[in-house]
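One chain, chain A, links the two complexes that follow: it is found with chain B in the first and with chain C in the second.
This part shows the complex of A and B:
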C-alpha cells in the first residue's frame, strides 16, 4: 500500500504543461521511440548499453524541461523492486551472480517503464488519443486513454475504501494478509466494494463521453425524433407543437 | 413558446431490483426556461435526466418528445443538442488539462479550432476558471472540477442543459456563480432542467417545478425538530477531551499548505461542525485524524494517545466517508451492521441486540434481510451509517454526510446523531460546506485555505 504521505494528485507519469523540444515532438513518434527504447532495454545483455540508457533517461527529462522531482517520482519504484529481485535471486544463486543478475533485471524493468512515463509526461490527452487512433480503432483508443487517465482516481478510491474498512475492523493490512484466513476479508471488504465502485465510475465515464460526442450517433435520436427528410421533420415538429 | 422537450407518463423499472419510478405529471421545457425536479432521495430524478439525455438503458414507459430543433448535424451524423452534467465531477473530466477538457466536446463535433478557442475563453471566464487553462485537472479543487465539468459541456453550446444536483459539491461562492450562470443561460434562450433536493433557489430562476414522489426510502421518518432555525450555538459539554489537534500542518511537495498550524480539541458528547469552502482542507484534516495522511508537523491525540493507525483506532473511532455506500459489501443489511460488532469481540446476543437497536433507531428495521446492493441511494447511506455507529465508537467523523440526500433524510441523520451523543457520550464531527448546520452543533470551526479562521463559540 502507498505511504500515508503519498500525494495521489501528483502521480508518476502526470502530464506537465511545458514547451520543450520533446513536448513538441509528434505523439506517434514518441510512442514508437519509447517502444524502441523499451524493447532495446529488455533484449540487450550488453551492460554498457544498459548503463548508457540509464544515463540517457535523466538527460531526456532535462531536455523535456522536467525537474528532478518528476524523474524521481517516475523512477523511485526501482529502489523497492531492485532489493526484492536481488533477494529472489539470492534464494537460488550464488551472492555475486545474484547481485549482478538481479541488478541487471531491475535496471531493465526501470528502462522499460521510464520511457512510457516520459511520453505521458510530455504528451497531452488529445495528442495521445490521436496517436492511439492511428494504430487502434477509435473506441479502443479512447478506452485505452481513459484507462490511463482514471488510474489516479481509482487509486484514491481504493485507499479511501481500504482505510474506511480498516476502521470497521477488516483484517486487510499487509501483515494481516500473511495469514490466508484473512484473504476472505480482503476479497469481501476491499475487492468487492472496489469492483462495485469501478463499475460505477466506468458507467459515469461512458455517459460523460457519450454526451460529449464519443460515439456520437445513438439510438436515442432515432427513438425520440426519427430525423429524416425536411418534410418529415416539419411534420414531426407540428406534432410536437 | 418554443417547446424543446416534453415528457408524458414516464415510468421506469430498474433491472434486477424491486424499484420502480414514475412521473405522474407532464414535464414541458420551453426555450429560455428552467424546470426544477425535486423529490426525496431515490425517487428517480437522475434516472429521468438520463432518459431525457438518451443515456438510460432498458425499457421505459411513456413518451419523451424532443423538438427537431434540437437535432444538429455534424458530418451528416445527427446529434441532439442536449448536455448532461452529472453529480460527480471527477468522473466527467476525461482529459489532462483544463483547456483540453473544455475543448474535448466541440473537437469531437469537428467545430472549427478558432471557434473552439473562442468558446474556451468565453466559458472558462464565465465559470471563474480564467487563467487556469494549462492547469492539470487533478490539481483543481472539487468546486473547480464541478465548474469545469459544466464549462466543458457549455463549450458544445447545447440548447438544453440537464444538471444533476449541480449545487451538491459547491460552496456558497460557487453556488452564487452557478445561479448567475443559470440566469445567463436562460437569457440566451437555452432550456435548463435542474434536479435538486433544496428548494431555496431564487424564485425568478425556476419557471416550472415538478415534484417526484417516488419511493419513500425510510419508513415513517418524520423529523420532530428543525436543525436550521435555532439561533446561535449551545453550551459546549464539559466532558473529557477525546480528540486533541496540536499545531498540525500538512503540505504536499511543491504545493501550498493543505493544513496550516491547526489546533483545537473536542470533548466527549460534543457536536462539532467543521465548515469551509471547497478545498479548504476539511477532508484532509479528517484523513490525518484517521491516520490515512501523516502531518508534516504537530500531533493528534485520540483519548490521550498519539498513535494514529486505522487498525489501532478501530472501535474507538467511527468514520463515514463521502459516498458511504462505497463501504458496503455484505449479503444482508444485518450482516453489514453486525460486521464491526463481531470484530470488536461482542458475543452473539449483544451483537443481535445492538444491530436491531441501531436499525430501529435509523428506522430501517424493515430492510434487515435485504441485500445492501439492492437498496436506494438514501437507504444505502443509512445502512452505512448504522454500520459505523453500531460498535458505539467514542469519536464519530462524518465527511460531507449529506451529499445527495434530501432534507428529510438530512434531518433524520442529525436526529440520530443527537440521540447517539446523549446515549453514548460520543463526540461527533461533521465536515460540510453548508453553514446552516450551525444550529445543530455545539461549536463550529471554519477553515479557509488550510487555516482555521475561527471557532464559534471559542473553546
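This part shows the complex of A and C:
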C-alpha cells in the first residue's frame, strides 16, 4: 500500500541530530546570525562578498557535520530558479548582461534562503521553542505549543483515517491525487472525517485546559482587573470570600 | 464554532476557537509534509494552504482568524524545519491569511458560496506576490523582471489555490449543515 509516511523521512531543512559547534549554538543567536547573513546577501552589490558567502555556505554545512546531500537538498531550488530568472532577463536585455545579472540575482536569493535552512537543520524543535518562548505572549505560546504537542496525535488520526478509507476503496493515494477527478474523494472521504475528529479533539483539549484552570484563571484575572459597577464589585468580593 | 456564551480568551477568540486555530495551522504544516507531490510546479503547496485557511476561516468566522492561522502555521513550520527560508517563509503563510481577512472586511461570509471561496482563494494567492516581489527587489532584480518573476511564481499558486478554495466550500457547507460547528 502506498503510504504518505515516506515523505516524513527527509525534506529540505529537516533537523539532523549531530553534535557539532553549530548545533551547540544558542537558537536565538543562530536565528539572528542567519537573518544577518540573509540581509547582507540581499543588500550587497559587492561581488567578492557574494562569492565569499557562496564558499561559506558549504563550509558551514561541513562544520555542522551535515553532508553534501543535505546541502544539495537545501540548495537545489537554485537550479530551477536561476534558468527562469536568466530567461526573464533575456527577454529584456542582451545575453551577456542577462546571464551575469540573472545569475547574480539567483545567487543572492540562494544566499538569502540557505542560512535559514542551516538553522533549521541544526536546531531541534525544543531549542526553537525556547527561543520563541522569550518573544511570544503567554497565551500565543500556549496555543503554539499545544498545537505542536498535538501534531503527532493529528498525524496518527490522519493516517488512521487515510488507511481506513483506502481499504474502503477511496482513491486518495498520492498517485490518485495527481488526477483532479479524485480530489472530491479526497475531500469527502478523508478531510471531512478528519475535520470532525479535529473538532472533537479541540473540544476535549479545551475542556481539559479549562479543568486545569487555563480559562477560568484568566477570567478571574479579567474580573479582578476590569472596573465594574459597585454592585458587581460587592458580588465579586462575596464570591472571593 | 458558536461560543457566544464564553468570554474572549485571547485576541477575540474563545479558548476552544484559539485551540482550533492552532490545530488548523498544524494541519497546514502536516499537509506540507504529507502531500509533497513533487510536481515541479511552483505554488502547488498553495492548494493545501488555501484549503485549510478557508476551512479555518469557515469554522472560526471572526476577524483576523485566517491571519492568525497563517502566523501559527509559519511559526510551526519554522520549529519543525519546514519550508524554504525560515523567517521569509513566515510571509508566505501570513500574507494569504491577511488577504482572506481583508476580504472578510468587505464580504461578511467569505466561505458562503463557491464564487466567494474562489475569489478568496485567488486573493489569498495573489497576496503572496508582494512577499516574492520584495525579496526579488531586495536581491537587486530589475523591477520589470521582478514583477514578471513574482507573477510567474504566483500564477501556479493561483491555479492550485483556487482549486483548494473550491474544494473547501462543500466541506464547510456540510460541516454547517450537520451543525457540527454549532457546539
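Keep this in mind: the second predicted complex is superposed on the first by the 129 of 241 C-alpha atoms of A that agree within 3 Å, B and C clash if a C-alpha of one lies under 4 Å from a C-alpha of the other, contacts with A are read in each partner's own complex, and residues count from 1 in each chain.
Heads up, the rule we're going with is that contacts are C-beta pairs under 8 Å (C-beta built on N, C-alpha and C of every residue); 3 or more make two chains touch, one makes a residue touch a chain.
Keep in mind that this is a model prediction, so the values were computed, not measured.
Participant: For A:69, is the partner it touches chain B (first), chain C (second), both, or none of the two (neither)?
Facilitator: After superposition on chain A, A:69 lies in contact with chain B alone.
Participant: Give one of first, second, both or neither to describe whether A:144 is in contact with chain B, with chain C, with both, or with none.
Facilitator: second
Participant: Quick check for you: in the superposed arrangement, does A:38 touch first (chain B), second (chain C), both or neither?
Facilitator: second
Participant: Classify the contacts of A:77 with the two partner chains as first (chain B alone), second (chain C alone), both, or neither.
Facilitator: second
Participant: By the touch definition at the top of the document, which applies to A:117: first (chain B), second (chain C), both, or neither?
Facilitator: In the superposition, A:117 touches chain C alone.
Participant: Is A:15 contacted by the first partner chain B, the second partner chain C, both or neither?
Facilitator: A:15 contacts both chain B and chain C.
Participant: Please work out whether A:201 is in contact with chain B alone, chain C alone, both, or neither, and reply first, second, both or neither.
Facilitator: In the superposition, A:201 contacts both chain B and chain C.
Participant: Once the structures are superposed on A, label A:51 by its partner contacts, choosing first (chain B), second (chain C), both or neither.
Facilitator: Once the two structures are laid over each other on A, A:51 reaches no partner at all.
Participant: In the superposed arrangement, does A:192 touch chain B (first), chain C (second), both or neither?
Facilitator: A:192: touches chain B and chain C.
Participant: Go through chain A and flag every residue that touches chain B in one model and chain C in the other.
Facilitator: In chain A, residues 4, 7, 11, 14-15, 125, 146, 150, 188, 192, 196, 201, 205, 209-210, 214, 218-219 are touched by chain B and also by chain C.
Participant: If we count contacts the way the header does, which residues on chain B are in touch with chain A in the complex?
Facilitator: Counting only chain B, the residues touching chain A are 3, 6, 50, 53-55, 64-71, 74, 77-80, 82-84, 86, 88, 90-92, 94-97, 100, 103-105, 107-109, 134-136, 138-139, 152-153, 156, 252-255, 287, 290-294, 310-311, 313-315, 317-319, 321, 326-330, 339-340, 342-344, 373, 387-388, 391.
Participant: Sort out for me which residues of chain A touch chain C in the complex.
Facilitator: Contact set of chain A toward chain C: 4, 7-8, 11-15, 31, 34-35, 38, 42-43, 45, 74, 77, 80, 84-85, 88-89, 91-93, 101, 104-105, 108-109, 112-113, 115-117, 119-121, 123, 125, 128-129, 132, 139-140, 143-144, 146-148, 150-151, 154-155, 158, 174, 177-178, 180, 183-184, 186-188, 191-192, 195-196, 198-199, 201-203, 205-206, 209-210, 214-215, 218-219, 222.
Participant: Would you tell me which residues of chain C are touching chain A in their complex?
Facilitator: 1, 6-7, 9-11, 14-16, 18-23, 25-27, 29-30, 33-37, 39-40, 51, 55, 59, 72, 75-76, 78-89, 135-136, 138-142, 144-145, 148-149, 152, 163, 167, 170-171, 174-175, 180-181, 183
Participant: In the complex formed with chain B, which residues of chain A make contact?
Facilitator: 3-5, 7, 9-11, 14-17, 69, 124-126, 146, 149-150, 152-153, 157, 159-161, 163-170, 173, 188-189, 192-193, 196-197, 201, 204-205, 207-214, 216-221, 224-225, 227, 233-234, 236-237, 239-241
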